[in-house]
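Next up: some structures, all given as structure tokens.
Here come two complexes built around chain A, the first alongside chain B, the second alongside chain C.
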Partner chain A sequence: MTRPPLDTLPRTPQDTGADRDAAPGARRRRRFDPLPYLLVSPLALFIVALALVPAVFTIVESFFRVDALDPPTRFIGLGNFRSLLHSAAVRTAAGNTMLYVLIGVALSTVLGIVMAITLQHRFAGRSVLIAVLILPWALPGVVEGIVWSGIWDANSGLLNSVLTSLHLIDHYQTFLGHGRLETIALIELVQVWQITPLSALLVLASLQNIPHDLYEAAKLDGCSSWAAFRRVTLPLVRPGIAVAMVQAVIATLNVFDQPYVLNGAASTGSSVMAQTYFISFQNLDFGAGYALSLLVTAATLVLSFLVVKFVHRTVEF
Partner chain B sequence: MLSERRGVRGVVGVSLLSCLALVATACSGGGSAASTATRGVTINVALAIPSPPKASLAAFTKSTGITVHWTNIDWDSLQTKIAAAATAHTYFADATDVDWSRVGQLSKLKWFHPMQNYVDTKSLAADMPQMTSFTVGKEVVGVPFDASFLTTTVNKKMFADAGITAMPRTMAQYTADLRRIRSKGVVDHPLDIPFAAAEGLSTYWYQATAAFGGTVLDTHGRPRFTSPGSAGYKAAQWMVDAMRQGLVPPGNINTTDSQGTQTEMAKGTVASVFSDYSGNVGSLYDVPSSSTVVKQVGYLAPPGAGGPAPNLSNPDGIGIPQAAKYPVAAAKFIKWFTAADNQAAFAGLDGPDKTLRTYSLPSRLSAVHKLAAKGDLVGASAMSTMLASGTRPVFPGGAPSWYPQFSNAVYTNLHAAATGSLSVKGAIKAIAGTANRLASGS
Partner chain C sequence: MSLRVFRRVRVRWLGIAFILLWSLVPIYWTINTSLQSEAQAGSKPAHYLPPTPTVRNYSTLLGGSGEVSGQIRQSTANIFVECGAATLVTVVLSTLAAYAFARMTFRGRTALFYGVLATMAFPAYTTLIPLYRILGDFGLVNTYTGIVLVYVSGFLPLATWIMYNYLLTLPPAIEEAGLVDGASRLQVLRHVLLPLALPGIVSATVITFLFSWTQFLFPLVLSTDQSTEPLTVVIAALQGQHVVPSTLLSAAGVITIAVPAVIAVALNRYIVSGLVSGSVK
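Then we have the complex of A and B:
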């Protein structure tokens, strides 16, 4: 249910011709009202001071050698970016992070849609269930890492205990740290647990905008439930899915807490953000840290743009 | 109409004030000129331990006129805070943590005031054997406030249950005893090694290297562990072999040092921690609420190549950041905080009201002797002997300025060797490559 005729709709006074038709004398010159600007100014200043200025600073400094142990600060062009590309740890972390993104975005989107559809229908205790489901999203990543370490732990973890009780394994298994893909998948599962509730709520908000008439019409046309989901629900919740995917992209590209708590600095799960931390605050090579942050920001923008381009559609009822 | 105008004016006023506040906050520098005042001032102390008892701090305030505002921040966050504040030349504390592993870095960066300018560090050194861990050349970056060092702990009951009557003195005896404990079925995996890719793995390797009779780096920061006959190489091989042969619980691949001691040694699932922290017997293993092995665990001088090996120092220090507002007042506090009587009180000599929670062992020998004499220190005799004659700095020439990068290479590669994704030879080669690159300054 896209909106191709939108361009033809009148939207502004210029479009309607109202302004053009009005007599010049009748046009009242509007006095400049500073109030809206004043009201917005604290927030605008806040954003400029805490987001834009540091962003510009990061971009500029990423082209400088800013190393507390190797002063003075000096321009080195693309030197920081070159050294990052040559770093085996950064390359491994980049590969790991792409896996985090792939697994995290796919799983959180699918599960978010499933949860949203489940929650769409009213039932007793629905509000309570929504409140409970949102809890993981509200928890800090470090806390989640600690909680889940009690599940994955190879010596005394809950999962080993359950699997042993069910006679599915005869001795405790080590889940994290051996295979790279297995380690990343299990760590990302923890992050999916955190970000999926927000995805579900975003999709649920879109779902609730869909008029029920459309489903009735689809039913009259002989649509099965599955066909109605594919041809009515999915196309109409694309804005919600797109926003959910963008937030998942941002969260997974910036994953730090869960891998760090669950797997330390091991290369089997280390993320790009962990490398940014090590480079900046352990090695005190802030220039390279800025450069890596900039690359992560660029990757976030590109992936978010792709999601918006290929998933988002303007929907109007 | 009038009230509406007033309302608009109010909103405009609040907006303007908010803008001004934001601009003022943004423009105000965090740094300020240091003051030599010591009376009627408040200093901020940021450490990764709880505050001393309120009464003790109140007594300090009464005698000096200095009020102490204490902030307890976790160690990792504190290091980030120190780096961020020093880089931005902003004030965040008058006295804060100086970690032994960062001493070389901090000395080169000049982020802290030299303590010898404020405290008579030379005369203190005799009573504080671990002062050397905070000294680079003639500069003392911080003053140790506890005497944490690495030592071996053993569950004596488990050793006895396996029929072991004499405690091991060499690595060969120690390894044989661990195998015996396992073969007798006392525990499945008797040895705790925290193989998670974290700092605890590095320090374990340093202590194991000392046990095999060597040091990790030479005084120029070059690796001394590349040949298979070197102590560092043997130590890495011993640790990885212990994992592969089942002496170490397989799940320890992702166990940190604190998890290892708290959930394995204290719960009786292992029989020994080769590189444990001094004080853990009294503060952890003998505490019924956190342990199932109360009165079963004791300290052991680390077994070595041909007899007991040195204990490596792992102390916590306190120093004065360059951006401190009241460095002289901070120095007065540090003198008080590290005074022998106060340290003995913090460790429990004067009763629970004056005890500093989680404080294990005073950095002053005289305070340790007092505790030992009164019988208030678990394992006092062994600990005071080890502290007086057995402790050595991890790096005799001081921790290199690039230590954090080196340590990262140590724990990531040893972890990889333990998982089997890298051979010991490959891990040693990678660690040595990092050390050589950093030592050469490239």
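Then we have the complex of A and C:
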């Protein structure tokens, strides 16, 4: 079952006229057919009113001072962007978010590939394993924060208990909020738990497109399994890896739920989205919030584009 | 040769063990904590099995008369209403639109189709602040309607994409037969295409429902009191107060993940096919 590529929408056979003429009354509808417009208009209305218009708002109002505590709204050019650049909290959050993205994209991609390869060939219980694999993807990020706080906890956490029992540490440690890098890595691990299943599924879908003959040929040529993985598998799953990395970039650059639960309002692990939330809905400085979400959006689009440019390769069998 | 097969199988077992531990240990640990008393959960080293399993945390949350249990019950009702309504509207509208995109030609079709798809490349939070202010202008902040409208606008593109891809896999010949027999296109959609497209509809429904259930930042902003707050917002607030014991919090966590966990495990086939549909060209 092959699907046509995106850029060639199929012509529809029942619109060629021949079928139409067979239906009574078809000749009248031939001139202007309102049906497709009726079918797509609710979708179009939603997208225009609740995605396009708000997006334009974000762009335009990021150049205005929009502050519930300091009316009226007035044009200030790049003022919002300048104040963001000078804010220490925003700069810290930007640095933190870079770490979230680096750790999250790298780890979810590697783990996703490992999981996909585990599931590449059929074996008994494979479908059960896929069900287990998906589980973390389906759960709310805030609850995942609570679930993992039971593992990181300084007084009753699983990690402390296991490490003490193994005599790797002699007394319970505080893991979260201790060092900046450690805190960010542990919080990001929770998000990786959530986004890796999708990465694995996307890579797996790509893996299953690889014809088996290629492995046969590699084996005949005397390839070791590692060589076959590096020279056959990896190059051919690049489309899947690219899509997986793009979803990871979008999720990690916009990370909010996990730091909200595990980091609170502390600056240690604060993310850019957390800053956007505090600026807009606690300080009620909407203008600066618009500017910051515009910057996050721009960063997301640029980074996604770079991933597609450098990782994606069109593969044809 | 046999050594290689042996090695491959052994590596696969490592992978299988990793997936099982990775997915299940954190969830097991939360369930384990939720079945213990506060004193037991605080013991060092921890109890890896509840010594005297108790459902007291659950009965306190679901049957109690305190403030916390009232919040949990109200927010459970809220999350079902919001996710159910958003899913219903999303699936109906996306199916209609996908039918038009997959089977009809009309002016503006390509532009609209790519316009809708393009919104998926943007992070959802881009529109958080303007949506809050626009809904505020219409008096829709802190209403079910406001939250449902935002969810629908967010999930329509993916649902349309899933339905579109599914409809393309169905042979048009069946519908043509119906049209030749004199049925209208809406009749063909209802009586011929929809039954055949059921797996695609299930995919779109399950994925939309799960995405709505996991929402946090949007309802955090769009709900201003308990009348509309979903479970996710309430549980984060409980955690933030630092007075709710970890055992009770774990039970609340288990309640919140029970529904999506059961759906994900039971309907995983539809989730997989929906999520990867058209993703790998």
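Observations
The criterion applied here is as follows: the second predicted complex is superposed on the first by the 279 of 317 C-alpha atoms of A that agree within 3 Å, B and C clash if a C-alpha of one lies under 4 Å from a C-alpha of the other, contacts with A are read in each partner's own complex, and residues count from 1 in each chain.
Here is the rule we use: a residue touches a chain if its C-beta (ideal position, glycine included) is under 8 Å from a C-beta of that chain, and two chains touch if they have at least 3 such contacts.
Quick caveat: nothing in here was measured; it's all calculated off a predicted structure.
Superposition of the two complexes onto chain A shows a clash between chain B and chain C.
Once the two complexes are laid over each other on the shared chain, residue contacts for A:L39 go to chain B and to chain C alike. Once chain A of one complex is fitted onto chain A of the other, the partner contacts of A:A185 are absent, as it touches neither chain B nor chain C. Contact with chain C, but none with chain B, is seen for A:S304 once the two complexes are overlaid on the shared chain. Using the contact criterion defined above for the overlaid structures, shared-chain residue A:N263 touches chain B, although it does not reach chain C. In the superposition on chain A, no contact is made by A:L214 with either chain B or chain C.
After overlaying the two complexes on the shared chain, residue contacts for A:L69 are found with chain B alone; chain C is out of touch. For chain A, the partner that touches more of its residues is C, with chain B and chain C as the two candidates. Within the superposed three-chain model, A:Y172 lies in touch with chain B and with chain C [touch as defined at top]. In the overlay built on the shared chain, the residue A:F278 is in contact with chain B alone; chain C does not reach it. In the superposition on chain A, contact is made by A:D153 with both chain B and chain C.
Within the superposed arrangement, the part of chain B that overlaps chain C, taken from 57-65, 75-83 or 345-353, is 75-83. Within chain A, the residues touched by chain B in the first complex and by chain C in the second are 35, 39, 42, 46, 49, 149, 153, 155-157, 172, 264, 281, 286.
Touching chain A in their complex are the following residues of chain C: 4, 7-8, 12, 15-16, 18-20, 22-27, 29-30, 33, 41-46, 93-94, 96-97, 99-106, 109-110, 112-113, 115-116, 119, 121-134, 149-150, 152-153, 156-157, 160, 165, 168-169, 172, 175-176, 179-180, 182, 185-186, 210, 213-217, 220-221, 232, 235-236, 239-240, 246, 249-250, 252-253, 256-257, 260-261, 263-265, 268-269, 271-272, 275-276, 278-281. Of all the residues in chain B, the ones that touch chain A in their complex are 8, 11-12, 15-16, 18-19, 22-23, 26, 79-80, 83-84, 86-87, 105, 108-109, 196-198, 249-256, 263-264, 269, 401-402, 404-405, 408, 411-412, 415-416, 419-421. Every residue of chain A that touches chain B in the complex is listed here, in rising order: 34-35, 38-39, 41-42, 45-46, 49, 68-69, 89, 149, 153-157, 172, 174, 176-178, 262-268, 278, 281-284, 286. Against chain C, the residues of chain A that register as touching in their complex are 1, 3-6, 9-15, 19-20, 22-24, 33, 35-37, 39-40, 42-44, 46-47, 49-51, 53-55, 57-58, 61, 111, 114-115, 117-119, 121, 123, 127, 129-151, 153, 155-158, 160-161, 164-165, 172, 193, 198, 201-202, 204-206, 209, 225, 239-240, 243, 250, 253-254, 256-257, 260-261, 264, 273, 276-277, 280-281, 286, 289-290, 293-294, 296-297, 300-301, 304.
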